[in-house]
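Next up: the structures, one after another.
Shared between the two complexes below is chain A, which has chain B as its partner in the first and chain C in the second.
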Partner chain A sequence: MIRPVLARRERVVPATQAAGFVLGVVVALILGAILLWVSDHSPAEVYERMFDSAFKGTDSLSRTLERATPLALTGLSVAVAGSMGLWNIGAEGQMMAGAIVATGVAMMADGLSGPLLIALMMVSGVVGGMALMIGPALARSHLRVSEIITTLMLVYVAIRVVEWLETGPWKDPESFGFAVIEPVPEQAALPGLFGRANIGMLIALGLLLVFWLAVSRTAWGYELRLAGSSPDTARYAGVSLRRKVLTALLLSGGIAGLAGAVQLTGSAARLESGLSNGYGFAGIIVAALALMRPSGVAVVAFVFGAVQVGGQSIQTLGVSSAIADILQAMILFGALVAVVFFNYRIQWSGPGGGSSIAESGEPDLAGEVA
Partner chain B sequence: MSEAALIGLFVATVQFGTLVFLAALGELIAERAGVLNLGVEGMMTMGAVSGFMVGLETGSPWAAFFAAAAVGSLVGGFHALVSVVLGADQVVSGLALTIGGLGLAAYVGRNVVGERPETQFTDLGIAGLADIPWIGEIFFDQPPVVYLTVLLGLAVWFVLARTRLGLAIRAVGESAATTDTAGHSVMALRSVAVMVGGAFAGAAGSFLSLYMAPGWTEGMVAGRGWIAVALVIFGAWRPGRLALGALLFGFTLALQPRLQTFDIEVLGLDVSSISPALLGVLPFVLTVVVLVIISWRHRHRPSVAPAALGLPYRREER
Partner chain C sequence: MASTDADYAVWLRGIEKQFPGVIACAGADLWVRPGTIHALLGENGAGKTTMVSVLSGVYRPDGGEVWVNGQRRFFQSPADAIAAGVGMVYQEFRLVPTLTVAENIVLGAAPGLLRSAEIEERVAELSAAYGMAADPTRPVWQLSMGERQRVEILKALWRNASVLVMDEPTAVLTPGEAAELGLTLKAMAEDGRSIIYISHKLDQVVAFCDEATVLRQGKTVATVDDLDDVDLSSLAEMMVGSSGGGYVQRPPALEAGPEVLALQGISALNDRGLPALADINMTIHSGEIVGIVGVSGNGQKELAEVVTGLRQPSQGRVTFKEQDVTEASPADRYRLGLAYVPEDRIGVGLAPKMSVVDNAVVRSYRSQRRGLMLVMAKCVQFCQDLVERFGVRAGRLHDPVAGLSGGNLQRLLLGRELAEQPAVLVAAQPTRGLDVQGVAAIQSHLADQRADGVGILLISEDLDELLALSDRLLVMFEGRVVAEYGPDVTPRTVIGEAMAGQVRA
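On to the complex of A and B.
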């Protein structure tokens, strides 16, 4: 029987992942257009509105950057854990935890001057994110409990805690019965840059730069990547895997917590259960598309920021903003598939054709398992 | 606490247990074949919305149930195509399936939010048995999906443990290369396992939207797909232990919304005074605690997870 098999290309496409990302965007837009078309919307009209609202004029661009900021931070959070093969899929919850602690600190220290209070809230955000991560990190480093499940479970915990704070202990007495928490003090608002973009964007860019340097240019970063790609080699070289797992996960949680504090002071104005707004989950896709590299995170976060701003804007056309979520997932799937075909080609193998088991010598049965 | 309230708690325990068991059973099949599918939450959500919509359209809960299973299997097939056939990262593909599935479900179901189905599953009062006090109401007066799920559990156990097909599935989850050499198609075994698993998850989602909480709202699966993923670890990849775990989690899920109405004190604290939002964290905290406890108990033993779980297979790269 002649059947297709994937054979590794001898010459792979240069800049594979970048090309895959671009193709992913194209594939997502085509599939999205089909979805829009079957639900009686004009794809051209919808896409034009999305594009204009995300890129046309400085105000639109500032909205894209405003959304790209938390995406870059959560993307970086996932990427830091991902650079040693760990999956923090609870950035959504750590954002909330960061925002909770930052709000608590702002309530206690609302007499402080702006810059001091903002700095304090940013640190609190990091602490909050780390606090939510400490359990999963210890469970992973010492007991090998899957961090995928524990980090995700704590998302639901963090969101419920915010709902509890809204209805109970932190309910704003001046809210006329609405279950909302009082806004953060005015002086805690992050200074704006232009339009809706604020210095949170610079914080995110700075952190991306720091991590790019740390991961790719320092011994610490080398050990981190080594521990992820070949744990045995790392252990032989004297790297403490437990400590590396702990640091990577705690840093990851801390960055997501910072994203929460930035969102709180930059865009949200008050702690609410919708504050994390799916940024933590989207951060997983951002990091995966960026192959866990800080430079890639910046680019993908910007594109995703635009997709989300666009998704919001088309609601006035009567189109559900869920299109944005679908497009983001489709971009990832498109890129995954594209990258496979950049590295492999389809080969039709028949009986006795090039790549059957019988011709490849003694099958190494242990190879697969290891 | 009244007797009726207590019986109600156990009736709900069986139903929530069914919900997570059915989804977890599907994930167990996929994982025994070596494929991690983190898209359970997405497949359940797609099953919930499509089942509900077919139910609205046809008025037949069974048509809705099987349509949801078909949709779940289709979504699972997407994961199989990307991660099994093309060999992309299973974690990434599964997560994208969940995120994309939630988005697609929200889009597809945008016009049926708030609608109520005309017909739904009716409880099967099993003749003779349903009249037994307590036991009858809890075990023998449930909707048919509960009994179907029990049968599916037995069938999965039988197929995995007692048939050649089951042996092949387990083998491909331990070592794909060995299974390939033995003449089985790794792609076919794994893809079918993932698609059957998806069907189970989709069906479970429709049990939620057709019977347990009739209707469709965004995010209605609310993390229970993830609990199903955790349950597979808890059940040590075995259907029997999975069922036990499902009852434990079913109990917690059933208890959480009822705790407030029970007039009980825990450590001197009146439970009814605790905010429902805080009680809502119970199932999720329990999941984490349980995972930590079993890992602590098994810390000196080798892992019981299928050895090839999460590893893509390409014959040319063995």
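On to the complex of A and C.
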């Protein structure tokens, strides 16, 4: 009758968290090695290539950082909503909305100098992301319509709008018949830092810092944390839940929109339907792995970026893209399982005694696993 | 007792169960004979839900034994309990609205590959056997609450439940449906099944049930072998009866101070939108403790919420310090000097996952600001002062508050509410679930506050506590104040009758 149950940890020790994270990834790498071995590749060689391509030398590192930048922004976007117990599944669409508005502004104001134009495009990105979020946010705060559904649906709307702009009103007349939008003005390209990294990375880092401060050190952040962790207590303390839901969702949309503008001016040449490239959806994983904390988002986005760069590079060794994708997924999955053990431990339970996950009554990550 | 242990359908022996900060069961017993309808009585927090959750495999007890039909059981999950013949009908139904009645009933317990027509036929037979009209082909979303409950009962019967637990089954029913339920339960009992019936509605308990167990503070305090032998008022008295719960000497009578809080003609609805308060008039003067007593669910919770601003009354006026505050928010009322220790100290009063410091400043964080920033040093200082003044053993102030014991949680909460010298304190169940020292500490704080001129509205289910502390005692029944007693000792039987709605002229 003895069997394992997940028991909630009384205290969460940061050192255990880090160890759990590493262990989860290591287990995934071992399983991945078996997969590679079975499919006739040398695990050592593949892992070495993965590591080198993501970290070795400034060029490799810059590729990782280039990937990590939009991931950090969309991760933060999802985390801001997540700290209120809300799920913004549509960062992908808000990225697009941000990029659309930023492109529109660039078309109208292409005579401006670089810094001014870039600043204007960043603000437009935020506005675009927020605009796409207004509907879901109001529906959620006033009518309790699930934001999960509405934000997700609008992703496809945003992408279709880009496709329409590509083939219709914004089609580049000098594109020799290709359905593309004209590139953003040259002076709007984000200044590079080193290799492929650009100042978009600093924007993301700065924003993470601002949010970390705002959440942990301001009265506004206190109210947000209170409303997110115990809504009835917040009501009792006189915090308007409605307003908090609205601001958290709008900010979330705005940050994702900013990610779109950063991507547009940083790595992409022009607005196109593939601009968001899955970063918005990946942001959900980043935020979940980061336990919705801004500090965690930075670390996870970096690791996630490295895994993506590494996963791409090993295809040059003849590893098929399917195997590369499985490998990436396994590493993330290993980390995700590790997150469960941050908050829960296995308890071998015999007759009587012990409290199980079912009793904690908290809709946690682990709740779905159990 | 004539029967041996093996004859019981259910025997829960010495059940102990503790949650962070709360002792839910402290060695409670429950015996249920086969073929009887057994009422499980007790106030909120007395341990009823924990007991049946142990029986249905949702919780594993910290101590004690579970016996079902003469066999000791170690349930690891609700599935184990179902397999052993324990069925549970929750207050919130667990049905899939888009599936049909028959589909819901067999969900997870379909006997291999049966054609749906065959299943529907068998479901129809089952429902006819117990006089429950239920069309097996209808989707559940089309059904009334009463019909949905029948589906839940049929679900348990389909799984061959010999013991059926019903948690507040009539709360969602119309009076007609409730009467039908009574007949169904009787038919099931005649068939040899046992029913455990949890309810606060004593008249229904007496009408439906054969025997009863009364829980108080996690222990079994009374068993009634034949409910025909007792009347409503003695049942009510058993539920709130003596706990030895008054640990402080009644403070000397004071000159009544000025009136600080008044309710005029207050009516309000509960969360279900049904009338919960009807035409309440009451006043509280500074330096007096007004006790509210009643069987739970008679409007006490709604009363506290209307006074503190968490619930809008449908009618009437709340006056605080000669100001109309009927429309004022909870935070505004607090700023005016109306403090509140809510019944749900975790989840309403305190945010369990946040730190001790964060919880200490729930009321005062607005005054710990500099510009936009929250000055952490000031918050910590404020918390430190509270902890020292009210003797909270808090461990590390930046750890989640959920790690504190129940008594310390309540000291922190009470301390926070008293930190800025309120004029009125509303305290709902302030000592429930606390250990002896905790109870004594909280009670003496209340007495001290009264001496300092605070007007206190004390809502409690502990009659001893109320008798020890209150200057006036108001009895609530079905949302009304039905009786008021002075500070002289009123016989418990008289109070018990008033709680059952029978007021002596």
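We take it that the second predicted complex is superposed on the first by the 293 of 370 C-alpha atoms of A that agree within 3 Å, B and C clash if a C-alpha of one lies under 4 Å from a C-alpha of the other, contacts with A are read in each partner's own complex, and residues count from 1 in each chain.
Simple rule for what comes next: a contact is a pair of C-beta atoms (placed from the backbone, for glycine too) under 8 Å apart; a residue touches a chain by one contact, two chains touch by 3 or more.
Values in this document were obtained by computation on a predicted structure and should not be read as measured data.
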Which of chain B and chain C A:Ala237 touches, first, second, both or neither: second
Partner chain in contact with A:Ile284 - chain B first, chain C second, else both or neither: first
Which of chain B and chain C A:Gly135 touches, first, second, both or neither: first
First (chain B), second (chain C), both or neither touched by A:Ser175: neither
First (chain B), second (chain C), both or neither touched by A:Ser295: neither
More chain A residues in contact - chain B or chain C: B
Overlap of the chain B and chain C footprints on chain A, listed as residue numbers: 5, 355
Chain A-facing residues of chain B, complex: 38, 78, 82, 86-89, 91-93, 95-97, 99-104, 106-107, 110, 174-178, 180-181, 222-223, 226, 229-230, 233, 275, 277-278, 280-281, 284-285, 287-288, 291-292, 295-296, 299, 303, 307-308, 311, 313-318
Parts of chain C lying in touch with chain A, wherever the complex brings them together: 19, 58-63, 74, 76-77, 310, 329-332, 334, 340, 342, 344, 347-354, 358, 361-363, 365-366, 368-369, 372-374, 376, 399, 403
Chain B-facing residues of chain A, complex: 5-8, 35, 39, 87, 89, 135-136, 139, 143-146, 148-150, 152-157, 160-161, 163-164, 167-168, 281-282, 284-285, 288, 320, 322-326, 328-330, 332-333, 336-337, 339-340, 355, 357, 360, 363-365, 367-369
Complex interface listing, chain A residues touching chain C: 1, 3, 5, 10-11, 217-222, 225-226, 229-230, 232-238, 349, 351-356, 358-359
